[in-house]
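Once you've had a glance at the structure underneath, I'll fire off some questions.
Lettered A, B, C and D in written order, each chain numbered from 1.
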């Protein structure tokens, strides 16, 4: 039997709490009821939080706004670390000119805009500009014609030896209780198989996500890995990534992983969280 | 340096010649000039031929007609073995009732029609019929909405533990000198990754393709594997598959594999044909 | 809940029964008690059987003897089809001269002896003979020095572009109730990763195993796939392979797959047997 | 044609130079002749260096000594970052008590010693202590019995759901001009396949290696990623890893990658270094 811990007492032991977004703070129905309590408690205790998410479809500003609309006003954009931000950092540091082709919505492309670079949807690549394409980014599963543009991508990569960045490592994401949608990370995997290349993937479980958040904290205060705990609903991304980076970790049952399956999965994968909680919600009567 | 053999003298040594279609008999421009000579010679010498192809988009009858239209009248439908025929055999033997959902054109679905089974495009699956879906077949990369129907397939497979047949193992196929299209085998691979299942794949290099042709011959005459030679343009499908089944093999340079690359590829893969020829075309002056 | 069928009534419906060996007829403790009844019944009913096994460590003659020693005298060597026999057929048809290097016991090498070929353990390959090595076969996980000979194999394959045959597709096999041993198929997979090549693998679930047995039958009598049933304890090899070849299949719980896990596995893999039985043992009182 | 840059002028543009060890500073014959000049120039220019290596077989102190013995006295242990150090950090942060089982030499195990933990070779695990084994580390390909201990590891992992750390991501390493040895990363991959788990791998191209070195610098001085350049001989580890972390990169031809192959590899992999140099050696007459 799995030992279930109390989430409030876990917060008490750490200085900074990293949260996965989907399955931890919200799900397909909206915010988790009373998750606002958790952020009130974090503020009251002078703790800090970061949201570490494999969501590259929108900018941190837009992601923060989406929480406000749902009624969670505590979230600020400077506390959101997304795989899209790593994609942007890569482009800033490594691609100095030309065109960045992308698959995704116009919205997802806005925030990877980088000085000196021009973003262009794959659909707009043609013979007149293909020679100036210096990178390709997979941002979102929507906003393009799968048949036409994925075929175009395969031929683009046969002609141009450019870096390809996948800003979301997930293969699928839930859209309601019983159904999932193919994520852009799953689409990218198909192209990797066809062109026989490994793309550059940003997102949990890769350490670079955690390092990005860790660096943000260190810019204004000292911190050690022992003072941070990562909270997530998925063993293979949140818990594995947090463990590998050296953080303590909390598995919650409010998303992908159900209690019944958790024990088996932990046994077969060897991915074991430091703590297990029903959810990240704190009862308001507790403080 | 690779030793180049004379194709005519190879024919002389065998009773039956297996040909790959694309890159051997035809390419994106149409038939290989003078390939008709080869079939005239085969007939004159009382040899036999089979076309062994990973093309499940049309029936053998339609495939034969397409050769006739191009001017190669020697090809008859009973000598064409396609991966689609193996898909059909599977359905005949293993799926006894209900609906076979498919991805592909209506045309590709016609010939997998099997007594007692009802074929239905994935786009037409809904709550009223999903419980009767007993198999899913990937037939062609055209004829469906990639975004909508591939997402639908993922959710279908989460609900129904049914066999999935991929009637084309190729990931991509050439459409002109410089460009390829994603084949339905590549699309199927994406879905395999997402649902974490291995589908049933028919097509070279799998032995079952060769066995199917071998069995067709044995129905009307005795034959041994030593009397058959497989001619193909691709080391990984035609030559590997032929070798593994125990046939002698001929690599030709009229398709996928160029002379410069062949030597390196043979060295790194260990896939070595019995013979190498420029093409399967015989000079008409030779006989 | 899974519906459990009566094994005797399944035999009644088919002409030929294919059995997996390990987990069906025997396990680490020896023969399954009363499995002899099953073969007595098969004989009494004028049915036929074949044993279709991924065991390349011994010849069919030696395998048959091992059953006799255990007390099952009904088994004759002509009814045993092993992945090692496919390796031998490959060498007979495709390797015409020189040395066949092998990993395995001397015993396992005996029966791949082929006219014109010389078998040599990898440990005996040196500068004086390496140029004559024309094939490499993985036969058994015992009989060689893993550290020395596996390193030797990697360097042999960097120098010689030869076919590599793996005569056992399994990664591990049970040695007692709680422990397994690494099979030579698992060892071969390591070498494939290191030299970045795909080897030629014979063994279930590959169709060539079933085709070999099917061909043996057709040499002396007419048969169709509908008249054969495959009995195995492993979904991924016995059942998948049997299904793909077009046979009806029986999953038994006397080996690898336990009743509790079977339902989940069938759901997640989509590999579904035609029947499920507790075991292949028939109560002697039944006939 | 590839443009070849001058290594000295590259050093001039950066504050810190990261070097891969094998193939850049040394090879199977020993130190690269005159590589000492490069370190003299780095010191003269007040630049800094780090050695970032996938070598977990020895501690930084022992690695530094090995350079001294070869005659390169400039190397100090505080400038060596090895994948073994990340393994040690993981154990320090994540494994709080019990036994750490390891595969490797005693030497390789010394430096992962961590307060509160007890290291034990896999060969010494038995029924009396297996319940206290809380982690397994792959350190070196030598120092253990491959047959006996790898089989033991498979069974250990079937019984204990513990984290497994692979302190070397390489599959093979060169031992002389024509031969390689299987690295412990290749051995670990075999076990991953057999137990169907993904282990925690430290080493290039993973970002955590670069982050570790980057953090070491930031402890005593400010630095940005733009001021660091990574020098390596392997596209897939050094260059891909450096690029992904956001560093400029230099491919040298003194090791794994030959000029002829580089252009093809860059085209097929899309992994392109910022610069290409013959080697990291500077002519002493140049400064």
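Of note:
We take it that contacts are C-beta pairs under 8 Å (C-beta built on N, C-alpha and C of every residue); 3 or more make two chains touch, one makes a residue touch a chain.
In this text, all values refer to a predicted model and were calculated from it rather than measured experimentally.
For the pair subunit A and subunit D, there is no chain touching both partners.
Each step here moves to a touching chain, and the least such steps from subunit B to subunit D number 2. The chain with its C-alpha centre at the largest distance from the centre of subunit C is A. The interface at A-D recurs elsewhere; of C-D, A-B or B-C, the pair that shares more than half of its residue-numbered contact pairs is B-C.
Taking each chain's centre as the mean of its C-alpha atoms, subunit A lies 41 Å from subunit B. For the pair subunit A and subunit C, the distance between mean C-alpha positions equals 45 Å. Per-chain CA centroids place subunit B at a distance of 28 Å from subunit C. Among the residues of subunit B, none is in touch with two or more other chains.
Contacts between chains close into a ring here, every chain touching precisely two others. Chains that are in contact with each other form these pairs: A-B, A-D, B-C, C-D. Only residues 89-90, 93-94, 157, 161-164, 196-198, 200, 206-208, 211, 225-226, 240, 243-247, 266-272 of subunit C touch subunit B when the two sit together in their complex. The part of subunit B that touches subunit A in the complex is made up of residues 145-147, 150-151, 154-155, 158-159, 171-172, 178-182, 186-187, 189-190, 193-194.
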